[in-house]
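Two complexes are shown next, each including chain A; its partner changes from chain B in the first to chain C in the second.
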Partner chain A sequence: MTVHDMKHAASDSARLEAVGGRLSRVDGPAKITGAAKYALEQQLEGLTHAVLVGATIAAGKVSAIDSRAAETAPGVLAVLTPDTIMELKGASDWLGNPSPQPTYNPLAREVTYSGQHIAAVVAETFEQAVAAAALVKVWYDETPAIVDLSDGKAGDGIPIDAMTKEWGDAEAAFAAAPVRICAAYNTPREFQAAMEPHGLIARWEGDALTIWEPSQWLDGMARTYAEWFGVPFENVRLVSPYIGGGFGSKALALAHSAVAAAAAKMLGRPVKLVLNRPQNFTSYGGRAATRQTVAIGADRDGRIQSIVHRGVNETAVDGMWVEPLGSVTSIMYATPNFSSKQNVVRVNTVVPGAKRAPGENPSAFGIECAIDELAHELGIDPLEMRLINYAEQDPHAKKAWSTRQLREAFAAGAEAFGWAKRSPQPRSMRDGRQLIGWGMAAGTYPVRRAHGEAVVKLLADGSVVVESSSIDMGQGTYTILAQTAAETLGVPVENVSVKLGDSHFARAGVTGGSRLAGVMTGAVYKAAGQALDELIGLALSDPRSPFQKLQANTLQVRDGRIASSRGEGPELSIAEFMAAVGREQIEAKGDTLPASTTAEERYANYTTIAKSIPHTEGDWSRHSWCAHFVEVRVDEDFGTVRVSRVVSALDSGRLYNPKLAESQWKGGIIMGIGQALLEEGIVDRRHGRIVNGNFADYMLPTNADIPDIQTISVGIPDPHSSALGGKGVGELAIVGIAPAIANAVFHATGKRVRDLPITLEKLI
Partner chain B sequence: MTSQIHTGQTIIDPPEDGHFRNGAGSNGLAPSPTTLSLHLTINGRDHALEIEPRVTLLDALRDRLHLTGTKKGCDQGQCGACTVHVDGERVLACLTLAAQVEGREITTIEGLAGEDGTLNAVQAAFLEHDAFQCGYCTPGQIMSAVACIREGHAGSDEEIREYMAGNLCRCGAYPNIVAAVRQAAQELRS
Partner chain C sequence: MRDFSYLRADSIEAARNAAALPGAMLLAGGTTLIDLAKCGVAEPSTVIDISHIEGLNAVDVTADRAVIGALARMSHVADNPQVRNLFPAVSEALWQAASAQLRNMATVGGNLMQRTRCPYFRDPANFPACNKRAPGSGCSAIGGVTRGHAVLGVSEACIATYPGDLAVALVAFDAEVDLGERKLKVEDFFLAPGATAEQEHDIRPGEVITAIEIPGSAAARRSTYLKVRDRQSYEFAAASAAVGLELESDGRTVRDIRVALGGVATKPWRVRAVEDALRGKALDEAIVREASELAMEGAVDHGANHYKIALAPRVIARAILKLGETA
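Right, the complex of A and B next:
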């Protein structure tokens, strides 16, 4: 539980504090002084420390484990192996489907990927546990592994029929088109690489389990723990006041989570288990490696006649992950004929997972490079090419866009970048030995919606408390919910405390798919409105109320003071009024669910993703949109690529706090620069092992890699997407950055690199 | 006593004879062969510790002294989240044993603001420019930035980018970090 009290001068303008104002982060002071306590920083009496032992093979069986030396090492309390860890029950998946297996063992006898947890050492201190874990000896019966998508044994994989999207006769129209391009585009295994490692502290008190764990989904993870240990959902409390980055990786309780919770139960003491940095590359899935072919047929004026798209992503031997590769392909451009199909291929890896814009990100890399190739083939400007094929409605769902400010994004971005001054020929712009390239691409992300709830309390001292088990991992939840409550209630934002990150608060679904801000501002708006109605109702009707004799229909609350809207009669602060009527607090729980929703449906709404509302529900197709313009400088001799300028124009609808939204956009752009030029999980072909699983060898962008970035908001309020008019922010901006850079590199060098990352050996 | 690595952080070398001095054991008993009695000066305050020689400064701060503002991102000297100041220089606490810094002045993020809570100019600029999102790399960024300015390496945006490159930020706050460091450097100069 965390409380943020905003203290700033009363002279700050109301504009700053209102929804849409550029209020600084209310959790900022805690974060810049070191006072913010993240989940793993909870200090507990009698805390023990667990360290995992991982498999050194990618496929086979654990034939024997010798833990004697570890067991007798100083400070060691227990060595858990597949044979000695307590048996857990199988838990349902994130859609709520029951586990196919009745039991679950988080320590593996059958190894399906390198690094899989096979033992754990628990000791009094972290140092003792680390030292003892190195003493555990393991023997294996190794079998051949399929190391990655390019492994000869990998095969064509399994067709995923649900991914098939087709209209018209795409193959025939492509064959008949006067201009055709067809190319293959590949993205490697990429990692979320949040700065805060995964881990947890688990404590049992009888049958009640408390978990301090960085989490993008407290209620979903609490459900998993409850099912593993066969205890009621209400017995599990997850606490996650701050999250040191997630990017999709921290939404599920994972094998290491089960190990720590089981160890705590077995030992009767709290256990802390934190994955070390290399384990953060093997204990949960990053973005799956992908392969796509995109074939586009067009007429000589550049009008697309057909798109044929085929995609493949890797998944695990014992788990399914589908990275929807046709998601952008099927909606970005108008085409009378279309076909997209996708397979998944099982390889010996941990199950891949969600990384910022799963699906849309690699999908855009394919189609947005392909459209650039077509533009070059036809001698048409890449921006003009996109306008020629502008989709006036959703080509797949055949529905109107709720809002689509993509034309405005193209115009604003091109103007700010100076796109009109681009010399069209590749290798035609240079600065000494540096080749200069200008490239562009579009991006999009669907508006994922769900129902949410929140509690708003008006306290006797006039302050306001907002409670939700949703979270803030840097998007600004604390801040925008404070702004929403303050504006709705008519109180200064400094009087609002927002409490998040505790599953005992009002329930919340997953924070993912860029949906939290829209869902939670809607829930807080509703709850705060109910609290305000109750406050005003009380003021008009309570016999002790000084407003009762006004005989007014309504009252207004401004700056935390209640008065008649006609300016007559008394004016009281909320605190004075609460004292007058003798109330300790007014509490409202608001949710956006239909009133007929059953308790089971509510539980499913918050603990699974099965109740998400489709973005094409009803009459509208709802998406965020963006256009990126990028300048690169490529050293002609060395092939090194530097991004020297980025201008992005983005349509996220109404922004609840532009200052924080701009930061998220820039963050997405920067992660996209990493994807384009640096990031690649390298697999050792002999052992199926990630060999660069650390921050020196898996290269993230550093400050020195990043130029000035200009973002321009072109969004307008979208009433079909959320209660307050916003669309998604967090995932949008990474979509389209890698193809914009690849297109700029082509413009600079004349070389088309279709395999990410674009490293120098591919250019010289 | 220090070796420079590429982005300005320093690694503290062991004493020339290779031996750290062991303090007397607690309770007047003979010193334990497996623990050290240490006195660390952190943010101007003395802290007594009984710890194994292998305990890093980072784990001593976070797990023993509950000064959790200093973050563990990689524990391998690769991310900069654990940056603290030792005698005014930026140091990676995960690559420094606690025993190496006895007798030195250690400053962590918790010691940067004034006694009355007045923020350091860098802290205030980070808030104003939204130079962080999740906040996990932030203490290390701020400690690096304070040292970067003090070292005279904040003269231009290019220089700031280079000398702040040892602190990774996965949320991608880099442009805002540069803006914050630029502003703080100007304020501290004037």
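Right, the complex of A and C next:
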């Protein structure tokens, strides 16, 4: 793996390398120069190429497959069908629940969505596999499909009791409230749309399987492969040095992964399988389409008396995904009466999955638009409305917030934006034919916590190596772990190299839910602290150590040099010291688990999410918070919306690296702009098929769509949330952007658009 | 993608000879051909690479006419100072097309041959019916997802929108396409689907586009291309207008006006009804808006694209009024 060049520019921080310093991404130069080798770029001797054949119907049975033409096409090694692919064992789910089926076939006989994999062609070259895949003939017995939530056959769905949250008598209090609003808010099917496609290279050597695959969760995916093929967990090695965007989509081993690994086993040769762009829209789930109704009853002074919330999300015919739609609704505002319930509706789609802030993101779209509607109804400023109903404690868990700098976020954001100058009436601000609107919304994301391990090695040359099976998908793990090790050990950050993305390294759980930074800085802090203790202990006690005769209680290490804290006696670099005592290396493994944790519990901790620690554990309710202030310009003739200004104030607790945190926040805001104005998986209702599954037609924002974005950190260290005081960063900022934009569009035009995205035809 | 043979043409004559072969397709910038080959629409048996032919990329502009070699890159033409000065709508249309990366590769000759973005046309595996690809097989778009589809020049055989920008400006200013033996008005080079949706261009086997010629005019000098879309960049037009304006010496009466529409029709769509209604009239917002509505005569929507009927006249009106303000 690459040892990164530590090149960092001048910065406003005196101690760039310390935790909290604005160190530039240490993996940046390797990525910019192309030196960074991604999983799918692995070159292997004898590599073969697999290409998938997808179902062209959304529901029915595969009645026959004629693969003869493909089998005899040039270069073809095998055509795999549901009948010819090797049998796999059923693997447990991400909670560790065993599979209900003893066997698993990643190629479908029963088709439940368009694009589902039904065959695969393996050939010597990629081009040969593509050509032969087009020759596979498939016959179907088609049955009627349920294409989406609005399908007449969809019904009301399945109630998810675990999602019900209720206190007081919400319906009665709503009915009795002097001011009431009630509206429906919809979000479409959206996709993670990572630049790097999904795919993998699989190679078997006897019973040992190596997988090169972009992954947000090496240990979890390795477990799935091990269970599919009935080999020990230790026999599976997953390698994922860099990830070109995951956004929640790359945490699980999927059907195409199983096909490639099975093909490699059957052929006895390594197999590479990369999903093409349209397949990236049908082979794994994006964000489920959602429907919500939000009813709020309030006093005339704006105090909320009741919130009644009902939500629905789509899921698959043969898979369950619950997008928790009441997650923000239930905690953002103080209310004496509350009710939230949720159903899921099965439709013919690939099972939806996690996309940045699953649950919180659509939940905030509902409640944060509804609050704006209530504010307008009452003639109260939307910011004032939020302050009137400020929740001083978690209204659902009835626990104190660990930290909640939301009031500070409102104040700092409003000040920087100039919110006080807002003209309250819709359509009251314009520049020629451009209607100008100012809108705002709040956002939140829970602090998800788990455990991780890290190994820290001090080498003979004084350099430091940090190893972890956690990953960096652009959020900055390489960088902040280098900073953590450098600060803890007292060495220059240039001397630290961080190695990630190999499941044979010290273990880590899933990189999702904005938990990794808090978990891994804690683990590295512990491991580095142990390594430092061992170094100093050795220096004080080893007869060969020049420090032994000092009779000191401790020593200090600064800038990679060991010296007495009192400034007396010798001063040695770590390399000089290691030479003096004749040590090759000092190695320490640190983890954040209690010492009593059993091996079985550790395995479950790293390979499932069942051991995640609830954010309301103990006395505290732990969340990140943010407030977004947005200006839009809407062309009154064309209905086009452009975001012209964004100011966001965010509370992610202590920032391990403000520069990287700001980048993540901005990334979330940009993704939120896309969600608000552009993104929508469009389904042909006759065929149940996504028709815009490519980057020209599935609209993501371009640079030209993004204005300058100002982010303001209002966080303070939160000791209840993580070892070093940070809260979640990555998912927070996308929560609340879409409602802030929708509210700004209402302010600009007087038109309330409650269906995302807000495209031009909805405004002309 | 299936195997094909590759020929490099060193001269126009060689290109013409090779282009007459059955199943032959020309390769210039490759931005359309390779894309369509990847999605299984283009299946050439022979690819003739014309990108190395000398002398086909010149941009020669005088007040009388612009002659643009077929192999000139879109970005190169867009940035030409004389094109910007004498034919601003042409430059603006090019700048607003595609993305920077595509404009650096794509040629103007190839741009005229760009195919529709109709999602049904582009996905033969899932939607076998398409009269453009397989004459007589039907149209999958009608009754499907039609938000981007055409409202003008449509037929029962096809409602696919012509996606380009440059040709809209060319049609407005009576540009011609040079095919060697023949020169055609760009407006006639593009064919509305009628009952033969597979025929998009009046080009015969063995013909190669060598140049585009645009006559200079006062209207071309005072022209603009306005493109409206949800995304600020790298999106096809929801509606666009190329407009040129020449005023009488009073500074308000229309002497000459050119209007063409993009994003709403099956081919680059000249709207003479709007031109005729405004020629000789004094520019006035109400008059311009009323006249612009004439562009939608005969428009037929298929549900989700209904908004285009309201949008397109507004785009025309805005472009005309913007040019009028610069008097």
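The definition used in the following text is that the second predicted complex is superposed on the first by the 753 of 764 C-alpha atoms of A that agree within 3 Å, B and C clash if a C-alpha of one lies under 4 Å from a C-alpha of the other, contacts with A are read in each partner's own complex, and residues count from 1 in each chain.
Simple rule for what comes next: a contact is a pair of C-beta atoms (placed from the backbone, for glycine too) under 8 Å apart; a residue touches a chain by one contact, two chains touch by 3 or more.
Note that this is a predicted model, so its numbers are computed, not measured.
Participant: Determine, under the contact definition given at the top, whether A:175 touches first (chain B), second (chain C), both, or neither.
Facilitator: neither
Participant: After superposition on the shared chain, which partner residues are touched by A:760: those of chain B (first), chain C (second), both, or neither?
Facilitator: second
Participant: Once the shared chain is lined up, is A:642 touching chain B (first), chain C (second), both, or neither of them?
Facilitator: second
Participant: Considering only touches as defined above, state whether A:134 meets chain B (first), chain C (second), both or neither.
Facilitator: second
Participant: Is A:678 contacted by the first partner chain B, the second partner chain C, both or neither?
Facilitator: A:678 contacts chain C only, not chain B.
Participant: Where does A:701 make contact in the superposed view: on chain B (first), on chain C (second), on both, or on neither?
Facilitator: Once the two structures are laid over each other on A, A:701 reaches both partners.
Participant: Does chain B (first) or chain C (second) touch A:208, or do both, or does neither?
Facilitator: Touch partners of A:208: none, neither chain B nor chain C.
Participant: Which partner chains sit in contact with A:691 here, chain B, chain C, both or neither? Use first/second/both/neither.
Facilitator: A:691 contacts chain C only, not chain B.
Participant: With both structures fitted on chain A, tell me whether chain B or chain C touches more of chain A's residues.
Facilitator: Counting residues of chain A touched by each partner, the higher count goes to B.
Participant: Check whether A:86 is in contact with chain B, with chain C, with both or with neither, and answer first, second, both or neither.
Facilitator: neither
Participant: Across the two complexes, what residues of chain A are contacted by chain B and by chain C?
Facilitator: 127, 131, 696, 701-705
Participant: Give every residue of chain C touching chain A within the complex, in rising order.
Facilitator: Listed in rising order, the residues are 1-3, 40, 99, 117, 119-120, 123, 125-127, 143-145, 147, 228-235, 238, 306-307, 310-311, 314-315, 317-318.
Participant: In the complex, go through chain B and note every residue touching chain A.
Facilitator: Interface residues on chain B, with respect to chain A: 34, 52, 54-55, 59, 62-63, 66-76, 78-79, 81, 108-110, 112-113, 119, 123, 126-128, 130, 132-139, 142, 160-162, 164-178.
Participant: Report the residues of chain A in contact with chain C in the complex, numbered from low to high.
Facilitator: Its residues touching chain C are 54, 56, 114, 127, 130-131, 134, 278, 433, 635, 637-642, 677-678, 682-687, 689, 691-692, 696-697, 699, 701-705, 757, 759-761, 764.
Participant: In the complex formed with chain B, which residues of chain A make contact?
Facilitator: 24-25, 27-38, 41, 43, 74, 125-127, 131, 192-197, 242-245, 247, 274, 276-277, 473-476, 659-660, 662-664, 666-671, 694-696, 700-706, 708-709
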